[in-house]
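Every chain is named by a letter (A, B, C and D) in the order it is written, and numbering of its residues begins at 1.
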Amino acid sequence: MNIHEYQAKDIFRKYGIPIPPGEVATTPDEAQAIARKFGTTVVIKAQVHAGGRGKAGGVKLAKTPEEARNVAAQILKLVIKGLPVQKVLVTPAADIASEAYVGIIVDRASKRSVFMASPAGGIDIEEVAAKTPDKILRHAVDPRYGLQMFEAMQLAFFLYSDIKQVRAAAKILQQLYKAFSENGGSLAEINPLVTTPAGEIAALDAKMVIDDNELDRRPDIAALRDESAEEESEVEARKANLTFIKLDGNVGCVVNGAGLAMATMDLVKYYGGEPANFLDIGGSSNPEKVVAALRIITSDKNVKAILFNIFGGITRTDDVANGIVTAIKQNPLKVPLVIRLTGTNEEIALEILKKSGLSAMTDMDEAVKKAVALATGGKAK
Amino acid sequence: MSIFIDKSTRLLVQGITGRDGSFHTKQMIEYGTQVVGGVTPGKGGQKFEDKVPIFNTVAEAVKKTGANTTVIYVPPPFAADAMMEAADAGIPFIVCITEGVPVLDMTRVYPYVKERGSRLLGPNCPGLISPGQSKVGIIPGRICTPGNVGLVSRSGTLTYEVVFQMTRAKIGQTTCVGIGGDPINGTNFIDCLDAFEKDAATKAVVMIGEIGGTDEQEAARFVREKMKKPVVGFIAGQTAPPGRRMGHAGAIISGSAGTAAEKMQAFEENGVGVAKRPIDVVDLLKRAMR
Amino acid sequence: MNIHEYQAKDIFRKYGIPIPPGEVATTPDEAQAIARKFGTTVVIKAQVHAGGRGKAGGVKLAKTPEEARNVAAQILKLVIKGLPVQKVLVTPAADIASEAYVGIIVDRASKRSVFMASPAGGIDIEEVAAKTPDKILRHAVDPRYGLQMFEAMQLAFFLYSDIKQVRAAAKILQQLYKAFSENGGSLAEINPLVTTPAGEIAALDAKMVIDDNELDRRPDIAALRDESAEEESEVEARKANLTFIKLDGNVGCVVNGAGLAMATMDLVKYYGGEPANFLDIGGSSNPEKVVAALRIITSDKNVKAILFNIFGGITRTDDVANGIVTAIKQNPLKVPLVIRLTGTNEEIALEILKKSGLSAMTDMDEAVKKAVALATGGKAK
Amino acid sequence: MSIFIDKSTRLLVQGITGRDGSFHTKQMIEYGTQVVGGVTPGKGGQKFEDKVPIFNTVAEAVKKTGANTTVIYVPPPFAADAMMEAADAGIPFIVCITEGVPVLDMTRVYPYVKERGSRLLGPNCPGLISPGQSKVGIIPGRICTPGNVGLVSRSGTLTYEVVFQMTRAKIGQTTCVGIGGDPINGTNFIDCLDAFEKDAATKAVVMIGEIGGTDEQEAARFVREKMKKPVVGFIAGQTAPPGRRMGHAGAIISGSAGTAAEKMQAFEENGVGVAKRPIDVVDLLKRAMR
């Protein structure tokens, strides 16, 4: 789960990481009032779950409260990578002497949380990694011991030479590790970590991604979810316990299992179609899930055909069939439907479908070919 | 004969009285797996289905039953503890079916299990089956048939699809292993490939990967450097967009790394036959084993 | 450092361990007022750093506020193992269905924190260990992982069979481990951990000992020290950075180094004397420490002779000599003094002593013999 | 020749610019110890006494100097980190002089150092000296003399007393090791006895214990079971009251365990000569080595 910059900053602040003040505005008026309160030049930053905010015009300076109002009005109209900006963070502009990068992610290769530190901050770390890899120091943290002070110091010495700054940065790194691990992070990042002309260190930006699997046991973190900042269809899918990702194609896919769902999308493409989505109904498929899945998919105007690909293991195919029949009764489909069913309770499922005038295939390839042909109005490749 | 499990497997079920645990325990018993005990704290002394003794702790269960394998069906918040309990009780092979285990939990479980010398399969995996011998987990027994091909996969239903096609084409399996779709898990591709290479009954191997990480690439190099048996593979997620988690927590393209294209190229460069469609696995196998 | 029961309870409560309410009184009136507030039979418990309070009459029931007043008055007059009772804890009496013991200590053999649990609670655990060792379950905690839930459950199953009670106890054990390790404990104990007739679990008593070495970095814990509950001379010694333990003998000992201090005491005994104290002036011996040491020792009326045994390594013997001379100038000694000095700056030290009419020996055995003879008014054995 | 340190010891000093660190570094250099570097964060690039290079981190110091031993003089709150840093940098022998290290810190340091394969001496110990070869720590060099007796002790000044008596009686030492008085420390009696047994130059061993714990008892059994060389011993604390910590955090009689009487009995039962007074060690040694 993505959280906003201002939310990540609130968390980091609780852990004693030095972060300049800042307040959130949802209207130009609020932004103006906040800027007036700060009484200095402010930075206005779009709060949106997308990278590259700066390039998209989502981060701007404002010297006066009036300018803050205008700038906020502009930014609140932006749509960045498909996501409309609903909130801005207003924060006093800071004088910057240097910019560094520190971040931590869970690394699958080392099976540990891995720190990255770079004196080349303020820009995308992937860019630094690609162009000047020697400017990044990596350090995998032993989860049994946590980040020791000497390890934090080694990372901090890579960023600074002044011992006061080294110690301050080391403490920030230890606290960042705590914030990350105590809140179920899968990523935590400060970019840039700046020094002021007076030599103080502060986190000017903050980013944090929470492992979805942590949310059940962390209701306070789960409450940070901002549904207004997410794709509407994905919010609905999550509420129905479906895993759904919207894409741009024309063949809507309903599959059980993530691997089979991906393979189905690939096969759609293989036969000349374009998948409209990734959708995994999961293992325990009750009919309601199927109803929700169809509702979500049919609300996408690009979808020209719908394909079910169900391999019944734990999933009972009769449940799926019941769901399809119920959904169609509620909302008759406007696009053609291809069903592939095999496995657990297959015979019952076919009987259910037959009663409602539907039919199903048993071969995945044939089903995908047919769906693509129907969506493209021609033949599959 | 098979890898990891066979007729001598004495299985414990952690979470045997839960919804999933009880359902699949019945399936496993039906398939012929020796389920020697179950664990549900507070139900120690009772019996599952009037047959399988239930214990309060894994330590007690191991002592009383001599279990050598355990399968875990407990809910995600307790799965890490269950894996650690099993390892601490000295069970050499631990299979965790549970989906949704926090990845930071796994950073701690991994060294814990390793220090105690146990093998972990999963979490978030369908388990494994050695057709005709033993089934541990949730892979439907009826789609498998005994034979001489080993299969290892990151996926669940996609595995079933491929196994089903193999069985229809009369290509049987020694063992089918689902290693799971999480970013940090126990047994990986190479562990399984290595075991299949050493298993006399296995003549060829199918490897089913997906986007995310570099396990398939490393596995491909292992095939070239360490294996004599033919290996064919399939990668799911050619159409997956970067930065989005495709259901499995581990199925995510980060930056330019972990794409299907990259993995398929690694397969080709290292002599692993690449199936374009799941069904193509069958033809590739037939050719490889000729 | 010992802390009082009520202080340990405050800490445990913060960690969510269920503990019945209770308030501290320093006068009978306060105890009466608290008892009235609770409006039920109360238990009044002496708050004193000594075991065996119950046997010493320091724990009593009171059915009415008036009785509470009288009982508190009695207890506040007690002196238990040399320590006067200055405070009592007043807490509602509880109905008890069963009593168990749970505790954790740092174990030198396993080099880990070790839990002990016993269904035979309410009595001294050392007694249980001696008489019915199979009634104690021990478990060493891997410090790299902490106490896992399954480990806590194993311990809890040793105490209870009802699964609700097992789960409640397991949670208490995990929280006790947290309280212990996050507050620098060297011991944490709940004895008894009771069940009520309704099946609820609660900690009726609480004990915690803090590792002295943790106090510097835990000012909040250090602030719990109750100097009024300690030996006056030991408080003074601690303030002077001396390690001092009062004993009952007649030869006062001032030594540098703990091992040598013990060996000196043993030699005093060997030659027929009795050491009046253990006193280690430590490595860096500034003269002020020596002055404080002499002040503490001379305030003990049992002391009939004073023995200095200084082996100068880091310790500069001239510093010690200066301290002796200064102290004697301030407060002329009323008992004989024997000085043994050797090592760093020995010649300077001897010169300093000589100028003040003092002399020193270089042989430890001879010095001890002489001090014993002086203290006993005869010859050493 | 000696155990743990000798002429080839290349020593690093952690906390070299501190009060204790700088004082003892001078002493060690004077004694002839090869001090190859020091560590004080923020002073990297400077030199100690115009000679010894100072580094910001132990890792850097090891890389640049090839140090094989380190001695730690940093204050108690940072001592655990310093030991872990040294172990992580791969230094095989770590000596921690610092007194007052929290014991819970040591429960974590101990496995950390062990996992990395380093030997730790201390904390809260005077270090060690191989007379005429190398001195690491704070044992005064002038009280020692080269010879053929090994000494291991839990104490500081009591050790000096005994060594001084030995030197006066012309009994020289191979190595004198102070293992320290904390309840949890690295190298213990048995480690040293084992090393002395294997050291060709050592002909007899002195073991100086004190109240608290069971290390001396176990060491005594080790002497009987594994050693051919004679061992004599002394135990301090015969007059110590139970339940009180006698200066050293580890010098405490818990219940009825860890008394001097118990330890002296263990010595006698296992053939370790028992000195009643420190001075008696000399006579016992003379008799044992006759």
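By definition in this document, a contact is a pair of C-beta atoms (placed from the backbone, for glycine too) under 8 Å apart; a residue touches a chain by one contact, two chains touch by 3 or more.
All values reported here derive from a predicted model rather than from experimental measurement.
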*Set of chains whose contacts include both chain B and chain A*: C
*Relative to chain D, which chain has the most distant C-alpha mean position?*
A
*What is the distance in Å between the mean C-alpha positions of chain A and chain C?*
55
*asked:* Quick check: how many Å separate the C-alpha centres of chain C and chain D?
replied: 28
*Return the residues of chain B touching two or more other chains; collapse runs of consecutive numbers into ranges.*
108
_Of all residues in chain A, the ones touching two or more other chains_ = 144-145
*Once you've mapped the touching chain pairs, tell me: line, ring, star, complete or other?*
other
*asked:* Let me make sure I understand the interfaces: which chain pairs count as touching?
replied: A-B, A-C, A-D, B-C, C-D
*Flag every residue of chain D that touches chain C in the complex, lowest number first.*
76-77, 99-104, 106-108, 110-111, 126, 138-140, 143, 153-161, 164, 181, 183-184, 208, 210-215, 234, 236-241, 244-251, 255, 260, 276-279
*Which chain C residues qualify as touching chain B in the complex?*
145, 148-151, 153-154, 157, 163, 166-167
*chain B to chain C touching residues, read off their complex*: 41-42, 56-59, 78, 81-82, 84-85, 88, 108, 112
*asked:* Considering only the defined contacts, which chain A positions touch chain B in the complex?
replied: 106, 108-109, 111-113, 126, 142-144, 181, 184-186, 211-214, 216-217, 243, 245, 247, 255-263, 265-270, 275, 278, 280, 283, 311, 313-315, 342-344, 364-365
*Complex interface listing, chain A residues touching chain C*: 144-145
